[in-house]
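Here's the structure we're looking at; comments come further down.
We just call them A, B, C and D in the order they show up, numbering each chain from 1.
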Amino acid sequence: MTTTTPDHIALGMTDEEYDHVVEILGRTPMAAELAMYSVMWSEHCSYKSSRAHLGRFNSDQPWVVVGPGENAGVVDLGDGWLAALRIESHNHPSYVEPYEGAATGVGGILRDVFTMGARPIAVLDPLRFGPLDDPHNRYLFEGVVSGIAGYGNAVGVPTVGGEVEFADRFAKNPLVNVMALGILKREQLVLSAASGEGNVAILLGNATGRDGIGGASILASASFEEGDEAKRPNVQVGDPFEEKKLIEACLELYDRGLVVAIQDLGAAGISCATSEIAGNGGMGMDVDLDKVHLREHDMTPGEILMSESQERMLAIVTPENEPEVRALAERWEIEASSIGVVTRGPQLRVFSEGELVAEVPAASLADEAPLYHRPAERPASLDAVWADTPTVPEDIDVGDVLRILLDDPAIGDRSWISSQYDHMLFLNTVVEPGHDGSLLRIKDTNKGMALSTDGDALRTWLDPRRGAARIVFEAALNVAVTGARPYAVVDNLNFGNPEEPEVMWQFIEAVEGMAWACDELDVPVVGGNVSFYNQTDGVDIYPAPVVGMLGFCDPMPERPPRLDAAAAGMSIWVVGPDPEHDFAGSAYDRVVNGELRGRPADVDGDLGRRVVSAAATLAFEQPVLHDISTGGLAVALAEIAIRSGVGLHVDDLSPAQLLDETPLRFIIVGEGEELDSFAPVRKIGRIGGSDLDFGPSGSIPLDEAATIWRDAIPRRMA
Amino acid sequence: MTVAVVVFPGTNCEHDVVRGLATAGAEAELVWHRDTDLEGAEGVVLPGGFAHGDYLRTGAIARFSPVMAEVERMANDGLPVLGICNGFQILCEAGLLPGALVANRDLKFICRPVHLEVESTDSVLTRAATRGQVLRIPLNSYEGNYVTADVDSLEGSGNVILRYSDAGGRKRPASNPNGSTNAIAGVTNDRRNVAGLMPHPERASEAILGSDDGLVLLESFVASLELVSA
Amino acid sequence: MTHRFRVSVSRKPGLSDPEGTTTLKALQDLGFTDVSHVAFGRTIDVDLEAASGDDARLALEAMCQKLLANPVIESYTIEERP
Amino acid sequence: MTHRFRVSVSRKPGLSDPEGTTTLKALQDLGFTDVSHVAFGRTIDVDLEAASGDDARLALEAMCQKLLANPVIESYTIEERP
């Protein structure tokens, strides 16, 4: 007996979802229609498991121009300047092919930003891999970094920061997130809502090939399986040169006021872009697939509709402007084909060789998507984890601990990564990667923008709510120490399989923690991305929410703090609360003891606000500010000493106090004996000598510490 | 127009170079690679980036752009011609400068400040500098490794103008970032009016960017415009 | 005995080849309008000591699988060089 | 008629070949200690219309001289593909 899987099941749809399609259409869907719904209603495109919870994030601040929902969030920087920002994940593609997966991730996020009318000026790359002692993890790490470099450098957008974590559960599920920032003048803002019956939809950029059709769902489809499986690579190859031309061409289109609306082509390609742009404007569209410029000539209508070929944009223009748009495309040496016409709606109709292959209400693909309230349950095993509180012996030598911690690749020098990225292009980069936040100037103004991405998957696993809240405060502090105030957040929620109640619980808790922290800081969440199903062989990743924080200052400090600005004779202060013995998920417990246990401390929102504010103020006065995070005071001090090339003395702190990771603290190094701050402050030592000297708690020669720190990544990657 | 700054598809440092030249005292204007008339220009700069995606070979396709006939004419007329990074690679491909640039020794893109020692002040790029002066300027390239078939005759010709060094001007293996033959970072032609270098002087043209050591090079170029037109 | 091989690596069909496309266009712009297709690949010449040609070929296969080619997006052939 | 050629471009001997050097070292690190030499090259497959094989070859020569190889550092060979 043979059984055949119904098409919709093969496409990853449930019976209920299929019935809903039938109800919307009032008939059985045609093959292309079913494919369109299946991709548009996939988790990736529809956020069906997460949408119910994302409303917890607030974006109602007066400076928010465009909140979540568009291609990128947009905030007002004053004097007519706007910033657009967005974050995306490219986790699965980067595991399959690290170079191209990461490269096309950069390409995709840039399109989200220049779709808004903004010139992309910065990329950041939060990354997570398995431990570097495994050759395959090294291969993935090396490939991802060179893919980001290969695409970002060639497309001409500097990569100005990022972060990296290494842990076992990322070995078969590395995380590659990419954030992009663009700037624009207010009058250049473009949205993705088609209007004007009779307007023309022009497809710009790369030819359409069989790349990554429908990701996993469509690959399993029998209806489109006319050709050979091997003809349908699920790896997409990035072409930064095409994207560069596309950026310049689009920016000129906006400048000359030639587009009514524009939309990038991402997941589900033409079907998604045409339905979204028409649906957003309450219009319909007639699309002719014969007009699409193709890379391969024997493609089926379904393949053309669903292809995820990179570096393509869909612009809506008036018929009068069409010739000018074509001329402009020709000048920039990109292809353009007019593939559709805006109709009064609401139907999206797709034709191929004169035949109607799909006719669906344009807005239904987005608006009618399923919404799930999946069950959530706190794992009972956490009780035991929380009960096991890590302790630190009194008699350890902090010098010896530093010998271990500074060699950790997530603590040691990460310039192995950042020096492969052009991080200077456009002459904006005032504080380059390698400090806490990176600081960009806006040329010919006094304004500055600081950027930091932060995640802490292990601590978030221990307590998703606290862990997620803490990364928001850490990101805020990272931008504040450059002199900027937290201004807007984008988030990337990387989690395991949402059909598991424990994963769903982690997700809901993390959203709650993150949203709460953003509210405490009055910082709006202007966009984000959810990546579920990061699960391999039944193992879920550690929950890895990531924040991308934009800080803003006007004016910018004339001499922003730097880690390498300490000099002999300067004093060292710590601002923030006294350490509270916070070792759950700390570097000491993870790296030295090899344990993951305990419950991380909560943050006090009120104190957090004060500390962040104190940092943003003191950044205008002091040469060195550095937030205290992984590895506590000891590592933070070591970083300052190594970068400045001078030792330091800290007298009365115990090993536990030096290694504690209580949040909301930062170090100041500066001249003088007294320091005023409206947050708690205390002096702990001074700069000088050629050792990291912690008095009775231990010491290590600066040269030795520096060598260990510098070699942490290179010695593993050699 | 005083200085023409050429934009190829894929060029990305053009605005930075215009800004750097302005800081050094010259007006500059962007010209598209299909332009065929640089009559008004007293000098020309080919900025960095990835012309034609650096596909096939860096600089290989760009050298056939229509504008290159004008660049060649200006070079032959003795006007100042400068190639920075990708621009240097294009000038080498076009045969206006000796040698070629291949992948870095470690097969990694390098973006960081490096030190350069001024070896000769006899060029449009170095005339305002002093011999032996050490400059700290960012390098930003994957194919920055200078090779030439006959390095001895190049050395003998006095056409090497900049060499990688450490902060004290010493040449050690570790101070050669990319494996360039004899640590060569910049060269000129026999007539000394065409010059190219891999590091980016425009990225070191304001103190707030971490260094303004690149200004002396840009100022040399600007001074050369005046000398030629005088 | 020294055996001399050439490994030729090319991108699997169906994947886009931006280098090839760009070079095709450049050739056509230069007047070579009869060119209809350009595709890029790379060669890796490897010399190695081995007891026999068969041993050498086995080693080469292993090198290709491990390092010289990326099996996800590339295919390769191994041939002896003169 | 369509003629199918392969152009193989390699670095002239004596000039540095970082890809080759690095790959040699990587192979040795992986345990392939019998490898004594590695050199990298590029292949460019070109399809073109031409009245005869000789015409095609002449055109190919011109393409190589002009664009496909850099005579300062590279040499090339042209062969017909099946």
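The working rule: contacts are C-beta pairs under 8 Å (C-beta built on N, C-alpha and C of every residue); 3 or more make two chains touch, one makes a residue touch a chain.
Computed from a predicted structure; not experimentally measured.
Novice: Tell me which of A-B and A-C has more C-beta pairs in contact.
Specialist: A-B
Novice: Taking each chain's centre as its mean C-alpha position, how far apart are chain C and chain D in Å?
Specialist: Distance between chain centres: 10 Å.
Novice: Taking the mean of the C-alpha atoms as each chain's centre, how many Å separate chain A from chain C?
Specialist: So the centroids are 36 Å from each other.
Novice: When the centre of a chain is set as the mean of its C-alpha atoms, what distance in Å lies between chain B and chain D?
Specialist: 29
Novice: Of all the residues in chain D, which ones touch at least 2 other chains?
Specialist: Correct list: 66-68.
Novice: Going through chain B residue by residue, note those that touch at least 2 other chains and give them in order.
Specialist: Each of 52-53, 55-56, 61, 64 in chain B touches at least two other chains.
Novice: Please set out, as single numbers or ranges, the residues of chain A touching at least two other chains.
Specialist: 239, 241-242, in rising order.
Novice: For this structure, enumerate the chain pairs that meet the touch criterion.
Specialist: Contact pairs between chains: A-B, A-C, B-C, B-D, C-D.
Novice: Please name which positions on chain A make contact with chain C in the complex.
Specialist: The touching residues are 96-97, 100, 206, 209-211, 230-233, 235-237, 239, 241-242, 295-296, 309-310.
Novice: Under the definition above, what is the set of chain C residues touching chain B in their complex?
Specialist: Answer in residue numbers: 18-19, 22-23, 26, 29-30.
Novice: Help me check something: in the complex, which residues belonging to chain A touch chain B?
Specialist: Interface residues on chain A, with respect to chain B: 146, 149-150, 153-154, 156, 239-242, 244-245, 332-333, 415, 418-427, 429-430, 432, 441, 443.
Novice: Of all residues in chain C, which touch chain D in the complex?
Specialist: So the residues of chain C touching chain D come out as 2, 8, 10, 23, 26-27, 30, 32, 34-50, 59, 62-63, 66-68.
Novice: Across the complex, what residues on chain B touch chain A?
Specialist: 9-10, 12-13, 15-16, 19-20, 49-50, 52-55, 108-112, 138, 140, 142, 200, 202-203, 205-206, 208-210
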